[in-house]
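Down below are the structures I want you to see.
Here chain A shows up in two complexes: once beside chain B, once beside chain C.
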Partner chain A sequence: MKPKVAFFDFAGCEGDQLQIANLEEDILTLLGQVEVVSFREVMKEHSDNYDIAFIEGSCTRLQDEDRLKQIRKNAKIVVAIGSCATIGGINSLRNYKEIDDVKKAVYGENARLFDTYTARPIDAVIPVDAYVHGCPMTKEEFLSVVKSLLMGKKPEIPNYPVCVECKKNENVCAFERGQYCVGTVTRAGCNSCCVNEGTICWGCRGLIDNPNENSEKEVLMKYGLSIDDAINKFKLYFGWQERRK
Partner chain B sequence: MKNQNFDINVHYVTRVEGHGNIFVNVKEGRIEKCEWAIPEAPRFFEAMVVGRNFKELHHVTSRICGICSIGHTLASLKATEAALGVKISEQDLKLRKLALHGENMQSHILHLGFLVLPDLLGVGSVIPLASSNPAEVKTVLRLHRLANEMSNLICGRTTHPQRLIPGGFSKIPSMKELKTLRKRLKDSIPDLQAVAGLIKTLAPKLPDFTRETEFIGLTSPDEYALYDGILGSTDTGTAPVNDYLTYTNEYIVPISTAKRAKHARDSFMVGALARFNLNYDKLSPLAKKTAETFNLKPVCHNPFMNNIAQLVEVVHSVEDSIKLINELEASGLKSQSIYNNPDIKPKAGRGVGAVEVPRGILYHDYTYNDKGTCTKANCVIPTNQNHANIELDMKALLPQILDKTEKEIELNLEMLVRAYDPCISCSTHYVKVYFI
Partner chain C sequence: MRIITKENFTDFINALIDDDSLNVIGVKSKGEKFAFDPLNSADELRLDYDVTLLPPKKYFFPQRETLVTYNIGKSFSARESPDPNQTVIVGVHPYDIVALLHMDEIFSETKSDPYYFEKRKSSVIIGVNMQSMSKWCFAPYMGADTIEYGYDLMLTDLGNRYAIAIGSQKGEQLLDKYAKGLTNALARDIQMVGQKKREVAAMCKQKLDFSPDLIPEMLSNFYGESAFWEKHSEKCLACGSCVLVCPTCYCFDVKDNPDLTLQQGERVRTWDGCLLEDFAKIASGENFRATRPTRYRHRYFKKGKYLFDRFGFISCVGCGRCGSNCLPDIANPVSLLNDMYREAQQSGLEITAPTAPDIKIQTGTDIDYVPRLATVIKKQPMTSMETLFEIKLDDDSELGHNPGQFVEVSVFGVGEAPISISSPPTKKGSFELCVRRLGNVTTKMHALKEGDKVGIRGPFGHGFDTEQLKGKDLLFVAGGLGLAPLRSLFNYVLDNRKDYGKVTLLYGCKEPRELLFSDELVALSRRDDVEFKPTVDRCPESEIWSANVGVITTLIPQIEFNPESVYAIICGPPIMYKFVIADLKKRSVPDDHILMSLERRMKCGVGKCGHCQINHIYVCKDGPVFNYAKIKGVPEAL
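Our next item is the complex of A and B:
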């Protein structure tokens, strides 16, 4: 029998689920291997009977915790997809501000109508079995994680920095061309895609397990950033990971 | 059904972002309540970007929407460039227009092929169509793939593009790559015609419903306005983009975490149909022909025809992209340095960027201090501008369909919401209609 899979989303842009639509013809192959029982983006039908739950987005409201716990209860395997779900993602940028100020800035005097708390990744609420990092996740990595899970294996996730891939790709280092980058402490697996496209690593895959942040901040300062600016570079995607320490 | 009592379940539904809720309450055939509510988890982007450097704003605000991240990136860059007084080259302008075409095609095809088609064929999703209508599904997938590969080529990737940066591009495609793209665009026309033919046979299933409203979008004397233009309204004429606040007048309703907007009437509509109504004359020849096939003419007040306007726009995007590549070839594609990083001097100022994205006109408005740090931001999203119009359409449609079965009423209201393509999750079959 084909394993039953379900997709869920919390606070996020739905760009990770879009990567599944972007599998194009490979969707048909995937549908040969699994039975999709719930996927809000594309189907009306819904069932709570599933083996694997894929979750996109961060948890940003107390009221969403119950739903996450229910998903955990229903699923044998929970997979977090995309930065918002795996590390808190861009949502955690707001964790550096007073939540009341944030609400007021957007909703003015009506802010009290809207309930929210510190943005956090899925594993801050429920145990997560596998991660597909990235903002957005790549369809290739998604397929590779799915394949591993279907074969009963633990998906391999690199625990070395983006710099390793970037060097293999023979990119000119961002620092050497006068820009700043957090690829030295960011988990690889993206094939340094942003640097390959002519920009910098922003840190969307989160910190590696034992990052030397102080050393990275020293590097940033050596290349001319003030300490505040150096710390600021860590706020974009590492907001939750930094706070947890 | 006429004298049926419907009780509603009005509560702040504890669901995740992306859900839209329809609340209907009918007593003895009389409509007591008919509401459209958005319980999405709010994400506070306007507050998050305050304190960030101008080189990061487009990266952050791209994350507002995974489906139209290229459009958000472009609106963001336009706002930043306007604030800092940066002009981009003619070549970069054409490349950005190609980027927008790629995304509009991708999004429209996704909506029509994956989200609307199942309604017209009477199934719950595209999944059963893969076995019942494999040829049609494969045609849709081919077109979707082409649109995505076009975005990859111009932007680096389709979702959260990397190459679009303040002042231009970090990397650009080669002329050889653009020529290959042009050939593929030309070759896709039979596929487009096949999709148009299929939708034509199913179009009678789109409800014949009309409610007069105002349409707002960018307009231009030079072209079918998508990347650039001035504000246009079918009610009040044109205005400069910097006057956008008088066109949006956002307000908050307690039932919804999404803001609403109004202008000359109680509501207005943005999106493909608004653009079609405002800019019909500027459509490409084949796009006009496609509109004629469906008897779609401006000004059309049937919101269900937004689906058809999207199809027309896909055809326009293909033809206009071919034209843009021809122009780039004629002027000779100028190469740029690798890791291109335009030198921009920060200065204090405010800038507004407006771009037509798949679901309608999108505004980003930033204020920077003299260090180039953002001190204030406002983003007005197309879907928010449509919410009030959706609800008023529902209120007008519901009395006309009260004699239908509960299931049919639900489907009709869902199809109405979906026609607006409000955002990918809302527009799919997860719109909940609450009546007991």
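Our next item is the complex of A and C:
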């Protein structure tokens, strides 16, 4: 029997689910392997009977925790998809500010009507079995993780930095192009897609297990960033991971 | 030597490009840098380049390469035959040619890598003498700024013309077929080429303060200087850039990639690097080079010592790519080696150049990356973690192993894992593997049913010498899963009991429930021709245990043996070896009477991928069975 899968979204832009909707011909092959029972972005049916739950977005409200726990209870396998779900994503940027200031900045007069707390990745609330990192996640990696799960295999997510893929792709280093990159400490698996296109690694896949952050900050400053800008480079995506240290 | 005008040279390159049966590669600009890339026109060629981002090895040992394809549950096959076209690479600097010659030796030692050599054989290397040099380059110190062989053609820019040295028949044929207006070089031209080559060294901006001949010996003296390595690696990002751009690095990883239909898949090898955190990590989580300083040190030792000991050359050609690609600027070998030399001098250390080891590289048959199909004929759970698999090769052949050897087991779509063989060679028709559920492959193996198909490569490595052990007393010391490889020899000895002297088995586990082969152990305790002593580290209240409680070494004082005639045979978790050996030494067992089987991350099984390397030793090829006398001085081994 084909495993039943469901998609859920929390605080995020739904860009990762869009990647799935955009799988083109691969989506047909994929539908040969799984039965989708819930996917708000592309269908109106919904069922709570599923084996694999894909969760996008970070948890930003206390009341979301109950919904997450219910998903965990229903699903055999929980997969976090996209940076917001896997590492807290750019939502965690706001954790550097007082929550009341954040609310006022976003909702102004009506701030009191909205309830929110420290933004966090899914695994800060429930155990997560697999991760598809990225902002947005790549279709290739999503499919690779799905294949692993269908084969009964733990997905292999690299524990080396983006530099590895950049070197294999023979890119001119972003620093050599006069740009500032955090690929040295960011988990690979994206095939250095941003640097391949002439831009930099922003860090959307989160830190590797043991990053040498001090050295990377020194490099950023050696190449001309101010100390504040170097620190800011680490805030964009690494906020939650940095806070936990 | 021939001479060609620049105009005619342009025509020559364009003629090569116009021939669809050739892949013409040349150095092109890439931003401010240079790279080897397919040429669309001779105008793109930049023979005045300083260094390319990646070395030309990518055409022989690509970043990503399919080794094997398979139909899941059905068959393995060699990947489709390679591109039949000849590849012409234009503009290779001498240091990169030297590097390719190193790679040739590495990929042909003992077993030859067919995928590398099929591409090497179908290529033409057109070298060029350096016209500019990267500021990181120190090739002149490594004797790699010029070269007299290893190319098919070698160009030297003489202003309005190129001198072309012919290095092979293949090169000459290429010229004859595609080049026009060639003339023979005059004495004046030959003199000019000599002059240009002598000028190359003067472009070098790096300065090595001593002869590179001293490197192996100097490194040996600095192995234990942990403060030195910590200081130099403090800023290491462990990003692997230094090794990924290296023209002589050859380590690789192998991964399985099923397609989305889950009907078929491919096994792919990709570049790997010893600086990366998980490089030497095994499925149990043990990491043999877990810290940055040890990995940083390993890179220098691999280049300057281990490969020297193994092949007789220092595996660095001085291209300077590592230095130029290191953002924190800690990878330039010249800086580190000069520092080391300075410290050595300050401490009055006298370093002499070792005589190059007398090495004859044995080349053998091709590596077979394609597994043989086999069937799981019996599956017998032993503990909550370990299951015994009985496996039969589908072509009805015998595995033909020695006790102590291992196989690489393939699970379709998941990958390959090294597993030691648990059954003795005396068992015919099938063989047994005792497998602990740890990583992806072994977890998936546990889910297999009787009748399911797996792939087998091997047997690999060096097992126990059953002939040499004849007539000797044997003391087996097994810890945990270490019993699995030792059982092959143990049962072989029991099957040939009269050939061996006194036989003792000491076997320890954490808890009684972890005991492997418990039925066999019970039978063993009834035999009077074998002494068997089990122990557990602890016994929980819920279990019953009447034998010894304590770590394995607590059994050693309880047994009698004659150190002169006994051979100790050890296998267990990494931590166990040094304690067992220390206790055996206390009882005067000679070093060469201690044999052990070591565990490392054995990925390719044939001494190529680099993952199982301990110093100059490849565990998969030189081991996994080692004699303590030979390995005791080897750092990182025990």
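Criterion: the second predicted complex is superposed on the first by the 245 of 245 C-alpha atoms of A that agree within 3 Å, B and C clash if a C-alpha of one lies under 4 Å from a C-alpha of the other, contacts with A are read in each partner's own complex, and residues count from 1 in each chain.
Convention: contacts are C-beta pairs under 8 Å (C-beta built on N, C-alpha and C of every residue); 3 or more make two chains touch, one makes a residue touch a chain.
This is a predicted model, so every value here is computed, not measured.
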{"item": "Superposed partners chain B and chain C on chain A - clash or fit", "value": "fit"}
{"item": "Partner chain in contact with A:R177 - chain B first, chain C second, else both or neither", "value": "both"}
{"item": "Partner chain in contact with A:N212 - chain B first, chain C second, else both or neither", "value": "second"}
{"item": "Partner chain in contact with A:Q33 - chain B first, chain C second, else both or neither", "value": "second"}
{"item": "Partner chain in contact with A:D48 - chain B first, chain C second, else both or neither", "value": "neither"}
{"item": "Partner chain in contact with A:E140 - chain B first, chain C second, else both or neither", "value": "neither"}
{"item": "Partner chain(s) touched by A:V185 [first = chain B, second = chain C, both, neither]", "value": "second"}
{"item": "Residues of chain A touched, compared between chain B and chain C (which is higher)", "value": "B"}
{"item": "Chain B versus chain C as contact partner of A:N22, first or second or both or neither", "value": "first"}
{"item": "Distance of closest approach, chain C and chain B, by C-alpha atoms in Å", "value": "6"}
{"item": "Residues of chain A at both interfaces, chain B in one complex, chain C in the other", "value": "172, 177"}
{"item": "Chain B residues touching chain A - in the complex, by the definition given at the top", "value": "14-19, 41-44, 46-48, 50-52, 56, 59-60, 63-67, 69, 110, 114-115, 118, 124-127, 130, 138, 141, 144-145, 148, 156-160, 162-163, 165, 169-171, 252, 254, 257, 338-341, 423-425, 428-430"}
{"item": "Contact set on chain A toward chain B in their complex", "value": "8-19, 21-22, 24-25, 27-28, 31, 36, 39-46, 57, 60-61, 63-64, 66-67, 89-91, 93-94, 97, 101-103, 105-108, 110, 113-114, 116, 135-136, 172, 174, 177-179, 193-194, 197-199, 202, 232, 236"}
{"item": "Chain A - residues contacting chain C, complex", "value": "26, 29-30, 32-33, 143-144, 147, 150-154, 156, 159-161, 163-164, 167-173, 175-177, 184-185, 208-212, 214-216, 218-219"}
{"item": "Touch list for chain C against partner chain A, complex", "value": "30-33, 35, 53-54, 58, 63-64, 234-241, 244-245, 255, 257-262, 270-271, 273, 276-278, 292, 325, 327-328, 413-414, 440, 443-444, 447"}
